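Common to both upcoming complexes is subunit A, partnered first by subunit B, then by subunit C.
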Partner chain A sequence: MLFNSYPFLFGFLPIVLAGFYALGARNREWALLWLTAASLLFYAWWRPVNVLLIAPSILINYGLARAMERTGQDKPGHTKIILIAGIIFNLCFLGYFKYLNFLGGALNDAFGTGFVLTQLVLPLGISFITFQKIAFLVDIQAGRVSRFTLRDYGLFVLFFPQLIAGPIVHYREMMPQFRAASCRFDATDAAVGLTLFSIGLAKKLILADPLSRLVAPLYGHAAAGVPQSLTEAWIAALGFTLQIYFDFSGYTDMALGLARFFGIKLPMNFNSPLKATSIIDFWLRWHISLTRFLTAYIYNPMTLALSRRRMALGKPVFGGRNTNLSAFLVMLAMPTLLTMLISGVWHGAGYTFILWGLLHGVLLCVNHAWRLIRPRFWPDTKRYNRRMAPIGFLLTFLSVVFAMVLFRAPTVSAAVMVWKGMIGSYGAALPQAVFARLGVVAEGLTALGIHPAWTSGTLLVEATLRIGVLLLIALLMPNTLEMLAPYEPALGVKPAKDPAWLRRRLSWAPSGAWAVGVACIALAGILSLGELSEFLYWQF
Partner chain B sequence: MSDEQERLTTLTQILRDLLGDDSIVLTAATVRDDIPGWDSFSYINFIVAVEAEYGVRFRIADVESFPDVGAIVAAIGTAARR
Partner chain C sequence: MTGPARFIRIWLASLAVLAAAVAGINLLVDPYDVFGTPRIPGISLLKPAAKNHAMLAKTYQIARAHPVTVLIGSSSTHIGIDADDPAWPPDMRPVYNYGIPGGYATSASLRTLQEAIALGGVKYAFVFLDFQNFFVPERPAASPTEDERRFHLLPGGAANPDRAGQAAADRFLSLATMGAFVDSVATVLGQRNPALLNLAPDGSSNEADFSNAARTDGLYDLFAQKDAFELERAEALAHAMAGWSGPLHNLDIVARMIDLARAHGVKLTLVITPHHADALDLYWRIGLWPRVEQLKTELAGVAASRDPGVTVWDFMDYSPFSTEPVPRPGDRQTAAGWFWEPTHFRKQLGHIMIEEIVAAQATRFGAILTPDTVAARNRMVRAQRQAAVCGGGVVLLTALAKPIDDGCAAAAAVRVGGGT
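The block that comes next holds the complex of A and B.
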């Protein structure tokens, strides 16, 4: 069931909320049980058979966690073995559905083997759910989870606002909230939730979806091997970047808003990533809960293990400006590349995602290296940041847009076609209609390599306007977290000490003016409900 | 100078080297958000450098949950005694 569908908005959500508040007034436990059951129904809606997959996996994980809890302090060795078994189980579960086909295909390509590929249907949200389950087991081993019941665990895994595409949450940040939740209607929570949800819905349906219709034919052409002119290629790259930006940002706002109806605050996931002034900064703003997971459970343990080995061998460790090349390569570049490779593979089983992950890994390494080299000739960090921020922003933006092509293109060769178009390999082009009106000038343009294109003048104008307006929104407007900051829209969000003028003007308050504004946004969103369009991140 | 003060001075120097910023001063109450550039990526390198400096090993679970610099200073003490 999509958040942006009639059955969800006018059937499922009102019924679940009414039941939750009504039960909460009598008994909190019933309300939470109701929420867990509703979440299971939400999951089953799409393909009921998936419940038969997710339910046993929840039970097995719960059993493993209980076993770890029992061995706990007395036999840490046993706990570790159960943990490893649990991680392997969860990874195999994910691997079977997500990667088996890709692996078979890759082996067939490479060695001419004849593995028969059957198209398994990927259970919705499995990548997100798997990460969350692994994190839970690791947290048990680390002693970060004190007590839990099957209902607690089931609710943690299934909580429908963040079930399909995150934010990826930790048990220790969710369960205390569920335990403390009043499970009753709260006017402030409802107002904040409604605002977040309405803005998210509008972002998805009004801002992101039209771009999808705009860029789809362009990637179709690239896949078919049709060369793209400079303008077309840039429309494809910028258009998709903004599409996924508003799609994911909209999804995240809706997830935060839905959780808030139940009195629950989800962690930050999206914080104006296109405003980033470095690639490191970008990853601290885009899909924050994934970066947090990858650093805590993959990057940090890997770096720690590698450096301890180096220390044992008596080699110097990474120490910033005193670092030598080998320490940089082993302790920073290697874990970064591996982590981003895993991130790429996690997003999808395909060469484009692997390449996308590696590309971001390389960009992060360059960023880290620059951070080390720069102070040697420009020691004043504050001044450097002030002066060079615009250049940092531009480089980051272009890198992100270039890499995003891999996220959308169906094959690597299609992505290369778009990239070649972006650097002008296939020349520039103007719409046929514009060309026809230019007369003699057109001949001169042809001599310069500018030729008439299939795109209509209307399409060009529409694309330019849409991309321009959305860029301005993404780069200049305060985001929803900033607008709602005094009401903690996401866990740990605090109001800025000295907000800029626009942010002060657009700071949300429970007032009549905002009620009318948000109602208009919600109405515009609901009126745009039409053909169902999935969230891009639901495919992962 | 007390043990704690001495460790804070050493930790400050380590972070200055790591981030290439000599204006950094750490106190027991400093959290990562207070220091520009001290993000989740450079955090682990700081921990590694501290381990190397004091010849100690933190538990990875603790590393993820140090609330502030004071907790790291305290953990150096416990790890050294272990």
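The block that comes next holds the complex of A and C.
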């Protein structure tokens, strides 16, 4: 079921909330059971078979977790074996459904093998759920989770606001909240939830979706081998970057808002990533819960193991003035590239996603290397940050936009076509109707090699306006976390000590004016439900 | 009452009031003419937004129009044939224009004809055919489209079980969507614009789209832009037809139209729509003209074999109308003559077509095709082209899109070699 659908908004959600509050007034355990059952229905709505696939996996993980808990104190070695078995099981589960066809196809392409590719039913949100289950097992082994029941575990995995597309949550940050939840109607939580959900719905339907109709034909042309002019290629790249930005931002706001209706605060997942001044900064703002997972469960264990190994061999480790090239390559570049490769593969089974992950890995390595080298010739960090932040922003923005082409293009060759268009390999053209209205400017453009073409002027103007307005919103406006900071819209979010003028002006309060404003935003979103569209991140 | 509780109460009240206001405005303005709300001068007399929802608007309009004559076709019919043209005789009125912009498929024409007949009262049907539609086979969609769910009947003639649900959805979405609200506001704000696009209750358009573009960009730009589009289309069609030796595609759909009309006592006329020589010569130069002639021959044959009462009109030739010169680049003053651009003719030309069709006599251009006359007609059009294009009298923009040999030199060489 989509958050942005009539059945969800006018059927499922009101019924689930009414039932939750009514049951919670009598017995909070019943309310939580109701929430778990509703989450299962939410998951089954699209394809009931999904439940048959995911339920056994949940039971097996629960069984493994119980076994680890029992053997934990007496036989730590056995616990580790069960953990490894659990991780392998979960990765095989994910791999079978998501990557088997891709691997078979890749082997067929490379070696001419004859693997038969079958149409598998991909359980919704399988990548998110798998990571969450692995994190749970690792946390048990590390002693970060002590007591749990099947009902707790079921609710943790199935909680519908974050079930399909995150944020990727930890048991230890969710369960204390469920245990403390009153399961009764709370006006503050409901007001905050309404605001977050309304803004998220509008972001998704009013800001993100129209861009899809704009960029889809351009990527279709690239896939068909039709060259793109400079303007078309940049519209394709910028348009998709903003589409996925507002799509994911909108989804995250809706997830935060929905959880808040039940008195639950989800972790922060999206924090104005296009404002980042470096790629490292970007990954601390974009899909924060994924970065957190990859860092905690893949990158850190890898660097820790490598550090121990190098120390045992007497080689210098990474960090400080003693860092040499080999330490950088082995202890930072390699784990970073591997982690981002996994990030790419996690997003999708395809060469484009693999390359997207690797490209970001390379960018992160360059960023880290710069951070090591820069103090040697520019030691004044404060001054450096002040002077270079705009350049850092521009480089980061262009890198992210450039890489996003891989995220959207159906094939690597289509991405290369868009990239070549972006650097002007196929020439630069403007629609004749636009060209004819530029007067003397047109002569200057002609001198620069920009020529008129029989393409749609209306589309170009619409694309330029949309992209321009959305860029201004993304780069200048405070985000929802900042606007609602005094009410902790996500776990751990605190108000800034000295907020800027615009952030102060747009700071949310449960006032009448905000109620009318948010109602307008909500209505605009609801009225845009007519054309249903899926969230881009639901495919992962 | 605490702040957050008051917030929720105001939020709910505002949402309800605003939603009711939006639905009320959409019902009053009725931007897609779904509800048939009386048109109010200054508010909703003209309906510019209906163009982009033509199938939606027209399917509800025709149910209210109770036409005796129905015009079926694509955008050229929608724009170029006036349902209120004075040439329509009284016994054929009221006429409804069921031409669908963007509806290129011949199968879509069959479905709209079926819908018009299912509503009852139709005695005459004119189906305007675009020759390009016969070069690629049309495959039925795996599941019915939104437009098809709206029709009263399924393709096989049984009652459509999805219709009630789709009708409810159409009405709900016309009341409660952002797009409808934006279109309502634009409709009201645009009423003072003398050049506002309109979809009349009889399904006709006032051509404002093209007249506005011609005024701001000039006809030369319209022709050149469409030539570039049509070249791509012609090349794709030539590729699709390469090596094909059988009869042309989709004539079975035309045969079903003939059977449908005959079964319901509807007098059917098939019309091959006129194109400007700019477009015609693209197809000629790309080597598809023999296919065009094949279409005329096979269409005449299908009509004669299915129902001799069906008339086939061919307005696709190199007449003085279709070879009218295109104004020069930058010329925004010269008014359009007979064509807005290569594939869309003006209502003035549509008027002449209606006069000829009603009189059953080709006096100024076009011809009635029968199996006996089609060969002569094809020869005549070739001669027209020879005189117009190779004779040097007519300047076409065709070569702008892509320089392709016009074949005139080769034809002249053959004539010289043959001693003619």
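What we mean here is this: the second predicted complex is superposed on the first by the 517 of 540 C-alpha atoms of A that agree within 3 Å, B and C clash if a C-alpha of one lies under 4 Å from a C-alpha of the other, contacts with A are read in each partner's own complex, and residues count from 1 in each chain.
Criterion: a residue touches a chain if its C-beta (ideal position, glycine included) is under 8 Å from a C-beta of that chain, and two chains touch if they have at least 3 such contacts.
Keep in mind that what you see is a predicted model, and the values were worked out from it rather than measured.
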Fit or clash between subunit C and subunit B when superposed on subunit A: fit
First, second, both or neither for A:V516, with subunit B first and subunit C second: second
Three-chain overlay, vertex subunit A: subunit B-subunit C angle, C-alpha, nearest 10 degrees: 160
Partner chain(s) touched by A:A142 [first = subunit B, second = subunit C, both, neither]: first
Contacts of A:L107 with subunit B and subunit C, given as first, second, both or neither: neither
First, second, both or neither for A:L194, with subunit B first and subunit C second: second
Which superposed partner A:T295 touches (first subunit B, second subunit C, both, neither): first
Contacts of A:A389 with subunit B and subunit C, given as first, second, both or neither: neither
Touched partner set for A:R371, first subunit B, second subunit C, both or neither: first
Minimum C-alpha spacing, chains overlaid - subunit B and subunit C, in Å: 32
Subunit A contact footprint on subunit C (complex, rising order): 2-12, 14-15, 18-19, 22, 173, 176-179, 181, 216-217, 221, 224-225, 227-229, 330
Sites on subunit A touched by subunit C in the complex: 187-188, 190-192, 194, 205-206, 432-433, 436, 454, 509-512, 514-516, 518-520, 522-524, 526-531
Of subunit A, residues touching subunit B in the complex: 141-144, 280, 284, 291-292, 295-296, 299-301, 303-304, 307-308, 311, 317-322, 331-332, 336, 364, 368, 371-372, 374-376, 379, 381-382, 385
Interface residues, subunit B side, partner subunit A - complex: 14, 16-23, 36-37, 39-41, 43-45, 47-49, 51-52, 57, 59-61, 63-65
